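Input: one structure, supplied below.
To keep things simple, chains are lettered A, B and C as they appear, and every chain counts its residues starting from 1.
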Amino acid sequence: MKISLKKIAELVGGRSKGNSEKIITGVAPFDEASSDHITFADNKKLLKKIDETNAGAVIVPSGFEESLKNIVIVDNPRVAFAKIIGLFHPPSRPDYSNSTDGICSNTYIGNNFVCGENVSIAPFVVIGNNVVIGNNVTLYPNVVIGDNVVMGNDLLIYPNVTVLERCKIGNRVTIHAGSVIGSDGYGFAPDGDKYYKIPQKGIVQIDDDVEIGACNTIDRATLGKTWIRQGVKTDNLVQIAHNVTVGENTLLVAQVGISGSTIIGKHATIAGQAGIAGHIIIGDNATVGPQAGVTKSVPDNQIVSGSPEMPHRLWLRVYRIIPMLPELSKKLSEIEKRLNDIELKATGETNG
Amino acid sequence: MKISLKKIAELVGGRSKGNSEKIITGVAPFDEASSDHITFADNKKLLKKIDETNAGAVIVPSGFEESLKNIVIVDNPRVAFAKIIGLFHPPSRPDYSNSTDGICSNTYIGNNFVCGENVSIAPFVVIGNNVVIGNNVTLYPNVVIGDNVVMGNDLLIYPNVTVLERCKIGNRVTIHAGSVIGSDGYGFAPDGDKYYKIPQKGIVQIDDDVEIGACNTIDRATLGKTWIRQGVKTDNLVQIAHNVTVGENTLLVAQVGISGSTIIGKHATIAGQAGIAGHIIIGDNATVGPQAGVTKSVPDNQIVSGSPEMPHRLWLRVYRIIPMLPELSKKLSEIEKRLNDIELKATGETNG
Amino acid sequence: MKISLKKIAELVGGRSKGNSEKIITGVAPFDEASSDHITFADNKKLLKKIDETNAGAVIVPSGFEESLKNIVIVDNPRVAFAKIIGLFHPPSRPDYSNSTDGICSNTYIGNNFVCGENVSIAPFVVIGNNVVIGNNVTLYPNVVIGDNVVMGNDLLIYPNVTVLERCKIGNRVTIHAGSVIGSDGYGFAPDGDKYYKIPQKGIVQIDDDVEIGACNTIDRATLGKTWIRQGVKTDNLVQIAHNVTVGENTLLVAQVGISGSTIIGKHATIAGQAGIAGHIIIGDNATVGPQAGVTKSVPDNQIVSGSPEMPHRLWLRVYRIIPMLPELSKKLSEIEKRLNDIELKATGETNG
């Protein structure tokens, strides 16, 4: 694909400066771009060394206009860059030679299937009974959809994903390979030394614009629903227990675990490998640091770190001191000795 | 389903008080129940506010008899509640239109398959050679069973589960979607700068009444067996390395990792995201706290927390002090200064 | 299989001592071996009690020659033992009755498939368009290979593995069940309160002699490649984010997470459940302790532990002090009181 800088600026709602007729043939990172590529710089560090990239053009934030480079000035360089990647690498759909109306012959489709238009259902997909799917749905190979699942439009469900019975999935949802939606919650009642299984009969509901990473496990509620609300994005290997709610536009980074019945607010960020206890509330816009272990509710807008968690600013101070503990302990012993000397001397003087 | 309170009491081995003829049509959590629902209250907090639920009846523990509510008095309200959930939501089995004797036509079944009665084998299941399965076994779509696997009765194996060659699975076992039973142990012998693979030729043995969560990885032993003993319940994304033994009725919560050759006792609890070192022993009835990192053996009945682990009571005290470290450090500096002053003065007095 | 000790010594490039004609029929761990078995002892602890094993023969390191046992003396007992396990338990390949030229009839094979010799492609495998695979490749059931994937010779790809479009896999690579190669990187540009997806258009490249554990998630690069270099061995449930490079012969133990764009050197070891921040460099031969949280680059050959990380030797001292914190805190209070007394007395004396 060949496209002029001017045209690119138009497409991303920005304006170009320099040689607007410059032809761009691809998109690349700042350090790897060559003279026909466009790249982006959205922070001071990159903007400072903008002349060092070999890129033929650079997307920059508004306010930054001085450069010998060809630039495209936009409000949000990162979003503009994302759009341009999509331009040069348009999404493609798997193409199977044995499909009719988008449904491969070697699938299993249950009874009463309600299927939208323009779907692509790959080999060895299994769809249970009474399933509804919308338009523009892509089910990759070996996806399993349980009975009575209802799914919306514009879905991408990658290989080996399992969506179990009665779960609900909204529109514009992507689920990456190997993820499990609707496994049983971990509910067992102690019964002497043994455990009695509490049947898990709720569902998982995933709202619009959600993206679920690879090998996530999202358990169904005991009763009611585990709820992944609009715009949530999860990374890989994330565990979400039964009856959890994850609020709008919240990020769950890789290997995070959320225990049962916890409510995460909207626009929160839970960093990698953090664990959240059950039956608590993480506030809107809250941030939980990587590997944190959160045991109590976190108010809106707060940043916590550590295990157990504490306010992030405190944690920063604590973690500067921890490596000094051997020194502090030694100092304490010395002080004790000096104090002993003083007291001994004082006693001596008193007695003397 | 409509059922009288009296009948419910009978079914769970309790006795009803209040309007025993009351008709119950469903089961719901304490806060969400409506007047035709039954719920349960098994702790002081809920019992105290029993009049606040809209539920038509409440299951309560013996000893609690005073209420204006319709109640069902039982020894173990949680188990009774589990039974009643099962009553209103009986387990259902996937139903495939192309199955004969419960085996779908689009499966692959190897040679010498010994198959019990009343099985349900879903589309795209693969069963290797010389496999034995018992009665009342449900294999969901895309399950893969390797050669020479032997499995008992009353199994539920969810979609996309892999059970590799020669593993043994007992009776009344459930394995949730995406789990892998019998992958190779992580065994490599250093050979200069490289690593030489140690063939992993043992098996995984899963005993009766075990439930394995979603996306677990349970490695086969190098030689001998990795052993999941009777009544173990694992949550999602649990890692169990080669040659581990997990004792009877032990709980492994989500994202726990157990390193090679470690032995976990019976009725232990390993909380979420904890990691257990290799070649150690965790005692019977031991509890390991969330995110703990256990490096040494833990005696029976002990509770440990922290990484590295320490007795839980000590850890509670330690973790109250950790956020105070900046303060303690400051105090230490002040004390040092005051001590300097005293010593200086003393020297002055001596010299003076 | 029956084989003489002499023959075994030959096969592993060692020499036997004792009864070289002794017939060995199997291989077993030190504690479990019986008189027809061979075992190994490669450390002082085992060598010391070599007379306690019932094994008919023991593989020992050179330098250790004195024993009443039949021994096989080699440079690397562990590698020799691995070879002997392989001798008694030779690798076997799944065998499907409906295969022609190694490709089962119930697979889906896309257009322009370039297939090497001596392959085994199991039921319900899906191979996209324009895929190339080499010789001696085993694809277990339900493996999904995306469009334009190129793979080398001598591969073992276990059940339910997903390799997505355009990824490259070298020779002698093993991927265990449930792993996902080439899922989208976790890249979203903040756009007001929402997130705009950054298309992930790079690939994953896995070089020769790599072994990937079960249920790993290895994301494709945004642009360019996520790169798993020669000889890397990963354990189960490992997360590798977009644009990461893992250097030659590096070990990633179970449940490790590597954040985006980080470079791990060669022959490094990242122990279980450790997390590595993004955009940093872990040096050659570096070791990261279990559950460590590495936030900054680590130089070559260094060992770090803790979260955040610190040099391992410092960490060892720190972690001896942490359980003593309540005591230290108490001591500090006592010292303060004693100091107060001294100062009060001094003031008294001055005033007196």
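We adopt the following convention: a residue touches a chain if its C-beta (ideal position, glycine included) is under 8 Å from a C-beta of that chain, and two chains touch if they have at least 3 such contacts.
What you see is a predicted model, and the numbers here were worked out from it, not measured in a lab.
Under the contact definition stated at the top, the chains bordering both chain A and chain B are C.
Although chain A and chain C carry the same sequence, what matters here is overlap: shared residue numbers make up under half of all numbers found at their interface. Averaging Cα coordinates per chain places chain A and chain C 25 Å apart.
Residue positions of chain A touching 2 or more other chains, listed in rising order: 106, 124, 142, 160, 178, 215, 237, 255, 273, 291, 307, 322, 328, 332, 335, 339, 342.
Across the complex, chain C meets chain A through its residues 106, 108, 110-111, 124, 126, 128-129, 142, 144, 146-147, 160, 162, 164, 178-180, 183-184, 186-191, 193-199, 201, 215, 217, 219, 222-224, 237, 239, 241, 255, 257, 259, 273, 275, 277, 291, 293, 306-308, 310, 314, 317-318, 321-322, 324-325, 328, 331-332, 335, 338-339, 342, 345. Put simply, chain B touches chain A in their complex at residues 27-29, 32, 76, 78-79, 81-82, 85-86, 89, 91-92, 94-98, 104, 106, 122-124, 140-142, 158-160, 174, 176-178, 209, 211, 213-215, 231, 233, 235-237, 248-249, 251, 253-255, 266-267, 272-273, 290-291, 307, 319, 322-323, 325-326, 328-329, 332, 335-336, 339, 342-343, 346.
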